[in-house]
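Next come two complexes built around chain A: one with chain B, the other with chain C.
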Partner chain A sequence: MNKTRIIGVFDEENTLMAAVNQVKKEGIEINEIYTPYPIHEVIEAMGKKTRFTFAAFLFGFFGSAGVLAFLYYTSVIDWPINYGGKPTNAFPSFIVVTIILTILTVTLASLFTFSARSAIFPGKVYDLPDKRSTDDKFVIVFDKPTVQSGTDKLNAILHEQGALEVYEKELNLKN
Partner chain B sequence: MDTRVTLSKRFQYAAIALIVVGAAVMAYGFITHPERAWANLLLNNYYFLSLSIGASFFMALQHISQSGWSSMFKRVPEAMMAYIPYAGIIMLLLYFGMHSLYHWTHEEAIAGDALIQHKAPYLNIPFFFIRLILFFMAWTIMTRLIRKASLDEDKYGGMLYFEKSELLSKIHIFLLAITFSFATFDWIMSIDVHWFSTIFSLRNFVAAFYHGTAVMVLFIIILHQKGFFPALNKSHLLDFSRYIFMLSIVWGYFTFSQFMLIWYANIPEETAYFYERWHSGFKVIFYVNFFINWFLPFTLMLSQVTNKNIHIVKALAIVLIIGQYIDLYEQIFPTILHAPVFGLIEIGFFAGFAGLFVLIFGKALASADLIPKNHPYLEESLHHHLH
Partner chain C sequence: MYKTDVRGPLILGDKNYRQISDDIIAPINQPIPGWWKVAFFIALLMTIFGVLALYQTVAVGLGTWGVNNSVGWGWEIINFVWWIGIGHAGTAFSIFLLILRQKWRTSINRAAEAMTVVAVMCAAIFPAIHMGRVWLAFFIFPYPNTRGPLWVNFNSPLFWDFIAISAYLLISASFWYFGMVPDFATIRDKATSKIKKAVYGFFAFGWTGSSREWLRYEALSYVLGGIAAVLVVSVHSIVSTDFAVSVIPGWHTTVFPPYFVVGAIFSGFAMVMTLMIIIRKMYKFQDYVTNSHLNAVAKILVFVSLIMGTAYATEIFIAWYSGSEYEMFTFFKNRITGDYSFQFWSMVICIPVKRLSSFKLDDLQSDLGRNRYLCRYTWFIYDWRTVVLQVYPNDSH
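And then the complex of A and B:
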């Protein structure tokens, strides 16, 4: 939606978090926060939970089960070969391959899951509210309140918590 | 809040009772089953020594990495190190049991065996005990110096002792890497004198670090539940759990590597080791060992929910106490006794040594303030917060 937003730019993680907590106490809704690196408190403060670790666990579980099944199929069922008199189901020697392939599976599957979930792909043009959030600034975005007093109050809180600058901008965001 | 732990009379009597019962069982064991008794003595003394070594390595790591989060707990691994000199004295008793434990001490065995003859310049009784004394001297001196620096820090403050601890810890882990490797070769690996494994010392070192850390966490949790360490929070617990989780993986990795390479190469002089450990009922122990020391902690510590639950971490640490026993049982007993035995003698020996270890630990813990006063990172540790 294309709407007027209020953007606060912060210099540090703790001033940003102070502002976030203050704003939440006042009951003002935050639209989005952009930070140079992931901050777990921000995710918590936005009331969001990540299921990403559970997804990674599932990839690992099914990855290792799949690799073991594949090894069993190739070396026991489909093409059994006698190596030095060992049983064709040489389970201990499967483990090393399983570990390595599980790591590969989890890494690639997590990468694709993350890319798909956050709609990132090579060559994507980013429409960031403030480009400095990829550098060293912490950016917080609000929808502009409908009444002027709300805007003034928000401005006052952000400045009070140490925002470098607060400005308004027309932005096309998801909500 | 009390800054010092005071040992209650009940605790001391309980520990002494354990020692007395243990000593009675030991006497009975040495009279009736001398071989079994010597194997038990070696196992239990090495067991509690490995906890001390593991704790000392944990503490040295904290010093070297200048970790803030763990600084308020440093008295606990320090107190666990106090057992090292006692372990040294008990280890000297092996002199009287060499024939029961080590095949290479038998004259007639050496005479007809080219391999033992080849190893004789290293594996002979005088040199064995010279090394043993050197190892224990190195560990005792280093742990004493680190402990002294820590106590001096309490007394005088300043950055001097913080830096001194770091330097001493660096020397300590350097010495430990060499001495503990040879110690495991001497005491445990030479039981199977024809067999050798290059990853053996690393594997046993990780086992010591692993179970030493687990027991240290158990002590800290028990102290916390008794009202000490009020600042212990979920973030500390998460860090401890991560240590246990990480070490269970490393332990599993090394232990499995040793087994897998021997299994795969299938060379007779190497497979003889696992032949002993897969027959006459020992095979169950082989699997239980992997289950308790790798599978259980690995699956249990995957989730942050269980990581931060103090009761689960405590229960796991208690299970890992059994884990280290099983790990050592599998390494020491098969070659000496050829059939799995477990009974009054095993329980009595363990009880006696546990009593001694806990008593020494308690005395050392009570002899200094529980929370170091002047550690530069103490505040960070008290307010440790993870995301």
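And then the complex of A and C:
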């Protein structure tokens, strides 16, 4: 949905963080922050959490169980072969294949989860507030209707904290 | 951001973020340089030669490689191990240093990962050819088939190899690609031509660099990093079982898994360094891949070479301690004092001693010389180990 957004552009990570802290202190809601590289303080300030690691654990758990079940089915039930009198359910020999395929499962499932949850896929139609944010600028975006009462105040805070530019733009973002 | 108290600046020249992006993207926007075309032409000739050699192998048979009834693997295992070893170092470099939060890795890791993907593809050729009838190589896929269904032998190291290489290729390629997604976005947003924008836009998957994306991206990196670290160790351990489960003197030993993993890191780090020294010189990246980064790699190499030295000593000790005349012959008669003594002593002298005596990086020439030396000799060890023991096993006993 197209909405008017207020966009603040910063040159440095520390000026951005100062602005983020000040804005939060004033109780103004930040819509999103765009940075050229990951900044942990920004992620923390946005108060978002991910259950990605737990999902990866589940992929691994079910992956290894699935692989072991497959090996048991093929080697013991479907086509048991006598290799020099060794037991068909040769668990130690199965460990290697299980480890590798578990890692493969976790990797592929994690990548799909990442793509799905972050909506990252080829040919995606996206709206980038300021395209300099993938290069060298740090961009903070506010939803204008939510800060309607204090637009001037917000402008003042952003400029005070060292924003290079503050401008308004119609954007179709997720939120 | 990129200045640390302990290591000093990660990037020289006091650059701002814009300059960093511009400098790194520069080779994409410039016309292809002459030296690149020459290098590409030479590589192309070598590829054509390789294809012809493969054609010869398939058309005439594996006998062209000196493989016969008593020699299961010949040149292919040398090539296989060499390539997979080179490949491992790329991942080891990328993953271990990511987990250890070594920021200097970022100047080199992308190139190292690219090297991994290509090296693993090369490695995959050899087990496939080794199967003999390469056009039936798909039999190794464990899928429900019309041959019974006849399942593959899950107890066989050859099958473990297949699983390991396929998984390794997929995982290292994904890790490499997803690492590049934010960079593609940078190039997309800096591109001036429409075609470039569309192409890089496609590869960038609509990346915007929002905090939501970075949050999950970071989580993904550490999850993949954590499990790929296990993969590096396990895949090369599996490769070593190809040797260790055979009953050939000098191969039938339990020291192989750690020995191979360390050997792979040793030769591969040397390869990473060799490539980076050329790349940084040709693309003028000395401010990004600094001498201090290469020095850090060199220090890892010194440490790893000491582990390798210990592994060699262990092998020799165990050969003596086992009391087996075949082991004794292989190590003491054949290698230390026999036909292959020159190669053996070159290895002993050149690898650890050479590394210790030339610890510091001085200039391009010595960097290159030293690393070529390392790569060549590490290759040589595998080479020699295989040729001596497999192609001519009957000469020895």
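One rule holds in what follows: the second predicted complex is superposed on the first by the 168 of 175 C-alpha atoms of A that agree within 3 Å, B and C clash if a C-alpha of one lies under 4 Å from a C-alpha of the other, contacts with A are read in each partner's own complex, and residues count from 1 in each chain.
Heads up, the rule we're going with is that contacts are C-beta pairs under 8 Å (C-beta built on N, C-alpha and C of every residue); 3 or more make two chains touch, one makes a residue touch a chain.
These numbers come from a predicted model, not from an experiment.
Contacts of A:Glu41 after superposition on the shared chain: chain B is touched, whereas chain C is not. By the touch criterion defined above, A:Lys86 lies against chain B and chain C together after alignment on the C-alpha atoms of chain A. Once the two structures are overlaid, the count of chain A residues touched is higher for C than for its counterpart among chain B and chain C. Of the two partner chains, chain C is the only one touched by A:Tyr126; chain B is not.
Legend: residue contacts after superposition of the two complexes on their common chain; A:Val96 is shown touching both chain B and chain C.
When the two complexes are laid over each other on chain A, chain A has residues 39-40, 86, 90, 93, 96 in contact with both chain B and chain C. Within the complex formed with chain A, the chain C residues making contact are 1, 16-18, 20-21, 142, 148-151, 153-155, 159-160, 163-164, 167, 170-171, 174-175, 178, 181-182, 185-186, 188-190, 202-203, 205-220, 222-224, 227-228, 230-231, 234-235, 238, 241. In the complex of the two chains, the chain B residues touching chain A come out as 256, 259-260, 263-264, 266, 302, 387. Contacts from chain A toward chain C in the complex involve residues 13, 32-40, 42-43, 46, 48, 50, 52-53, 56, 60, 71, 74-75, 78-79, 81, 83, 86, 90, 93-94, 96-97, 99-101, 103-104, 106-108, 110-111, 114-115, 117-126, 128, 131-136.
Within the complex formed with chain B, the residues of chain A that make contact are 39-41, 57, 84-86, 90, 92-93, 95-96.
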